[in-house]
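Same chain, two partners: chain A is paired with chain B first, then with chain C.
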Partner chain A sequence: MKQTDIKRLSLYLLFAPFALWIALLIILPHLGMLYISLREKVGPRVYEFGFENYINFFNEPIYWNTLLRTGSMSLLVTVLALLLGFPIAYYIAKIAGNRTRGALFLMCLIPLWVSDLIRAFGWILLLRETGVISSSLQWAGLIDTPIEFLYNDAAVIMGLVYTVILFMIVPLVSTLDGMDNSMIEAGYNLGGNGPTVLRRIIIPYAMPGIVAGCIVVFMLTAGSYLTPILLGGKNSSWFTEQIYDQFITRYNWEAGAAFGFLLLGFTSFVVWAGLRLTGQTLNSTVAKS
Partner chain B sequence: MAIKSNPAFLTSYRLYVALFFVFLAAPLLAAGVFAFNDSLFPSLPWRGFTLDWFFNDTEPKLGMFHDRRLLRGLYYSFVIATGVSLLSVFVGTCNAFLFVRCEFPAKDFLYIMMVLPLVIPGVILGISILLLASSVANGVEETLSLDLDFLRPGIVLVVLGQFSFITTITSLVIVARLKKFDQSMEEAAYNLGASRVRVLRTITLPFLFPAMAAAGIVAFLVSFENFNTTLFLVGSEAPLTITMYDRMVKVGSTPVLNAVSFFLMIGSALLALISILVQRDAPKT
Partner chain C sequence: MITRLAIAGLLAATAIAAVPAQAETLRLLTWGSYAPDELVKKFEAKYPDITVEVTFSNNEEMIAKLRATGGAGFDLAQPSHDRIFAAQQEYNIYKPLDLSKIETSKMQSSLLDGVKANTTIDGEVYAVPHQWGTSGLMTNVSMAPDVKAWGDLCDPAYKGKTSMRLRRTILLGTAFDMGEDPFAAYADLDKYQEILDKVADKLITCKDNIKAYWKGGDDLSAMMLSGEIVASETWDSTAYKLFGENPDIVFVPPKTGALAWIDTFALPRKGEADDAAYKWINFVLEPDNVKMMSASSGAIAAVEGGKDLLPDDKKAAVNAAFTDADIDNLKFFANIPPGVEDMEGKTLEKIKAATGAE
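Our next item is the complex of A and B:
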């Protein structure tokens, strides 16, 4: 065999698993979902092509309100994760000594290795009416009757921030790590104070990491299921819950598929808009970190 | 360094960092500690230390190692995670060679396609695969009256569903390692007369091995703890997270769930430690 033939053969052999994976498990299922979402049920086992499932979504305020609520709460979680996570990432990358840096970074990753379920379970034990916080406060005499901290929006948001903040910190640490300290010092030498240096030098430099973190955090939050349900209870009205409801409880696969696409389209749109606003591309951010 | 000088500021900054780590640890501690509380409910007050929630064999304090359903869940989780990690490391390694070594049209676009599964919500991955598999199974049953059991919700679909996004993780880890490989080492081996297979086996794969092992462990852990994708694809063989969730929703929380949580946390910590140790000689990826 000639050298080029071998090269071509190995290219095909290496390409095959990739193509099978992406085509069979990503592209085809999504096309199938699109197809099913565009079916209208006109009788038992009789379907017609049409947009009824999507029209139903817009005609029913509960549905699109849930989607908007999910979207806006996810944005809030993303912003909170960025605000809370940035100082931590900066501390790990720039202030901590060489030794503590590795340890702190690893500590940040610990919750990543623990299932969502266990993390939510831990929060339930802390926050519920008979939970640790409520009984400690009672014991300390600060409150007289047990307080329920669970099943409200604040608990959901806090739980979500907790679940996703690592995905904000990790890309931030890796971009800030690559930043030369002399750039910061130069900023100070030229007369800049703390906030100016932060705004004019550090944040612009960290932008790819910030955007990458925000994208991942937003997608994870909007697509999360366990945390809103367990910490928010019946009133969490998260959009993934609606999807589950349509699929499993009502067995209405057509509507469920349409909802799935709406979630996907909505989150992709938000990510696209975020990329446009910040002038970044998917390649320069997520793919790098 | 930056934002320096002011000691009061630095102290409060340190305090914030410390508080943050308390925040990170709090729910994990709560989940773990109550496994050892000698009470029927995972809540205060503390009634003394016990190992009953692990080893006791009678109701009402049935320990996790005597709880049939939890053990079965653990077993299925283990089977699924092993399958997913083997499969995803294999495909991840192929992807690494494909994207680092080969040139082909639309490479950048396909690279984005490779990263994409990581940002698709797990719920959507789950339902889309469920829909396709069921449609195919129904179609085959109607036209050929052949029952393709593996396309119905069950272990095979769970493995495929988790594999669909975990492969992105393994690929990224192995790509990062392969990029650091010095190709002149391969060339030297060729010049010394080694065959392709031999070079791959004795030089390239040993170099990649730490990344492959680490990727395999990460895949194993992510699979073990996955819930969103699994929820839609699960059949009668429920893995541990699903069993635990069922228990939580139907029975309410009992300390046996804390025992399982503790067990899983220790297991993950050990695996994470191993993955760090295998990668130790390698520069951080």
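Our next item is the complex of A and C:
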């Protein structure tokens, strides 16, 4: 066998798991969903081909309001995760010593060792009317009657930020890590103050990490199910809940599949718009980090 | 040489054939607490060649799972009696039962006849009853003694202190409370839509009164035991469990009648262990096993004298909740015709999306 053949064969072999994964677990199911979403149900076991499921979505304000709500709350979660995650990442990458760095990183990871469900129940125990926070505030004499912290949008946002912040911190740390400290020193030496150095040097350098983190966090949040369902109140609808209801409660797989595609399209659009607005491209940011 | 090969081949063939016969698997798709560990162990001890695999689910997910595979992946399912007829017509996910293999004589005849009537398609019976129970109200009598009807959950006296599950039960209960008969309206879906619209308006105005919609027995129990809510729509079994912890918490059949469901046994269309499934059905209907099952599920077995086979604490809770008149007043869930789930789903979405103040 020639050397080039061996090289090519090993390339194919290395590439095969990835190709299979993409084809069997991503592309094929999506084609199936697309097919289902384009079926209209006209009677028991009778279907026609058409766009009715998509048209229904736009004709029913409940659906697109929920999608917009999910999108805007996900953006809010992304911004909060960035604001909270950036200082933490900066501290881990630039200020902490080598040994504390590992420990700090580990502390960020620990919440991920238990499942979403357990974390949500943890928040429920803390936040409920007879929960830890309310009763300790009462014990301290700060409030007279128990307060309900659970079942509202603030609880949902807090729970989501807590769940996703790690996915903001990791790419930020890895980008900031690669930044030479002398660049910051040079910034100060040339007369810049803290905010200027942050704005003109650190943030532009960290941009690939920021964009990567924001995309991951936004996608995870918009597609999350457990946290909004468990912490949300009687008025908080989340789009993934609509999809679940269509599939399971209403037996309407056709509409559920269409909703799935609409969510995919919507989140992709938001990511694209975000990249355009900030003047970034995927090549210059995510692929680089 | 050839004979030796042939013998080896024969041996291999018998070995392969022997494996599935030795270890038959019964894949059970049922409700949480409907397959307590001790009962499964007892069954496996009685039939050593059968292993039981249990998947816990609920009505909607059972049908979705079977629909996804065309009825494969499970050997015995336990949907409620109203979830057989339309699901079978639309998705063809069950297969007819062979009643001669089931000891139907042990079953309470009224329930058996009711389920048979609900689940007969083209002369074939698709389900037999297992356990039954009701949905109704639960109240803490020390704090809310006057809760007697579905509509009382919307009583401003208990503002922010009631709960319900945003599913079809509360739609039906509220319809009865408003003097309608939703089951009769199944025959005329336009009329049913009218009822649903009225129910939606009522439940949207009621939203202010609700603390939160409960999603499962656990969060309902936590809210009720902590006193965060004083009354709620509930399954009777959940209420009986809480009665054991706090005797002030009782199940109240609404004055328009508690809504009764019967969980059944049905065979998925592509089930592979029918005999094991029939063995399980007959096994769990034996009196000793009924006791274990009812202690775990809090539901009443569909056998003659099923109520007497409840454990003592649950029997006390049932007697505290139901008079004979309440039993006569039970409203059994009627078969859900195709399309009704979609109408109800839409109504529930409308209620969920409405902001209570408007």
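Just so it is clear, the second predicted complex is superposed on the first by the 257 of 289 C-alpha atoms of A that agree within 3 Å, B and C clash if a C-alpha of one lies under 4 Å from a C-alpha of the other, contacts with A are read in each partner's own complex, and residues count from 1 in each chain.
The criterion applied here is as follows: a contact is a pair of C-beta atoms (placed from the backbone, for glycine too) under 8 Å apart; a residue touches a chain by one contact, two chains touch by 3 or more.
Just so it is clear, the model here is predicted, and its values are computed rather than measured.
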Note to self: Touch test for A:247: chain B only (first), chain C only (second), both, or neither?
What the structure shows: both
Note to self: Taking the superposition on A as described, I'd like to know which of chain B and chain C A:257 touches: first, second, both or neither.
What the structure shows: first
Notebook entry, point to check: If you stack the two complexes on chain A, which partner ends up touching A:223: first (chain B), second (chain C), both, or neither?
Noted result: first
Notebook entry, point to check: Counting residues of chain A in contact, which comes out ahead: chain B or chain C?
Noted result: B
Margin query: Quick one: is A:130 in contact with chain B, with chain C, with both, or with neither? Answer first, second, both or neither.
Written below: both
Notebook entry, point to check: Of the two partner chains, chain B (first) and chain C (second), which one does A:111 touch, if any: first, second, both, or neither?
Noted result: first
Next item on the list: Once the structures are superposed on A, label A:26 by its partner contacts, choosing first (chain B), second (chain C), both or neither.
Entry: first
Item checked: First, second, both or neither for A:87, with chain B first and chain C second -> first
Next item on the list: Residue by residue on chain A, keep only those touching chain B in one complex and chain C in the other, then list them.
Entry: 124, 128, 130, 230, 247-248, 253
Notebook entry, point to check: Where on chain A is chain B touching in the complex?
Noted result: 6, 10-11, 13-15, 17-18, 21-22, 25-26, 28-30, 32-33, 36, 84, 87-88, 90-91, 94-95, 104, 106-111, 113-126, 128, 130-132, 135-136, 139, 162, 181, 184-185, 188, 194, 197-198, 202, 215-216, 219-220, 222-226, 230, 240, 243-244, 247-248, 253, 256-257, 260, 263-264, 267, 271, 282-283, 286-287
Notebook entry, point to check: What residues on chain A touch chain C, complex-wise?
Noted result: 43-45, 62, 65-66, 124, 128-130, 148, 150-151, 229-230, 233-235, 237, 242, 245-253
Next item on the list: Using the touch rule from the top, collect the residues of chain C that touch chain A in their complex.
Entry: 60-61, 63-64, 67, 89-92, 167, 207, 210-213, 215, 219, 222, 226-228, 338, 341-342, 344-346, 348-350, 352-353, 355-356
Checklist line | For the chain B and chain A complex, residues of the former touching the latter | finding: 1-4, 13, 16-17, 20-21, 23-31, 34, 41-45, 90-91, 94-95, 97-98, 102, 104, 108, 110-125, 127-132, 135, 160-161, 163-164, 167, 196, 221, 224-225, 227-228, 231-232, 241, 244-245, 248, 253, 257-258, 261, 264-265, 268-269, 271-272, 276
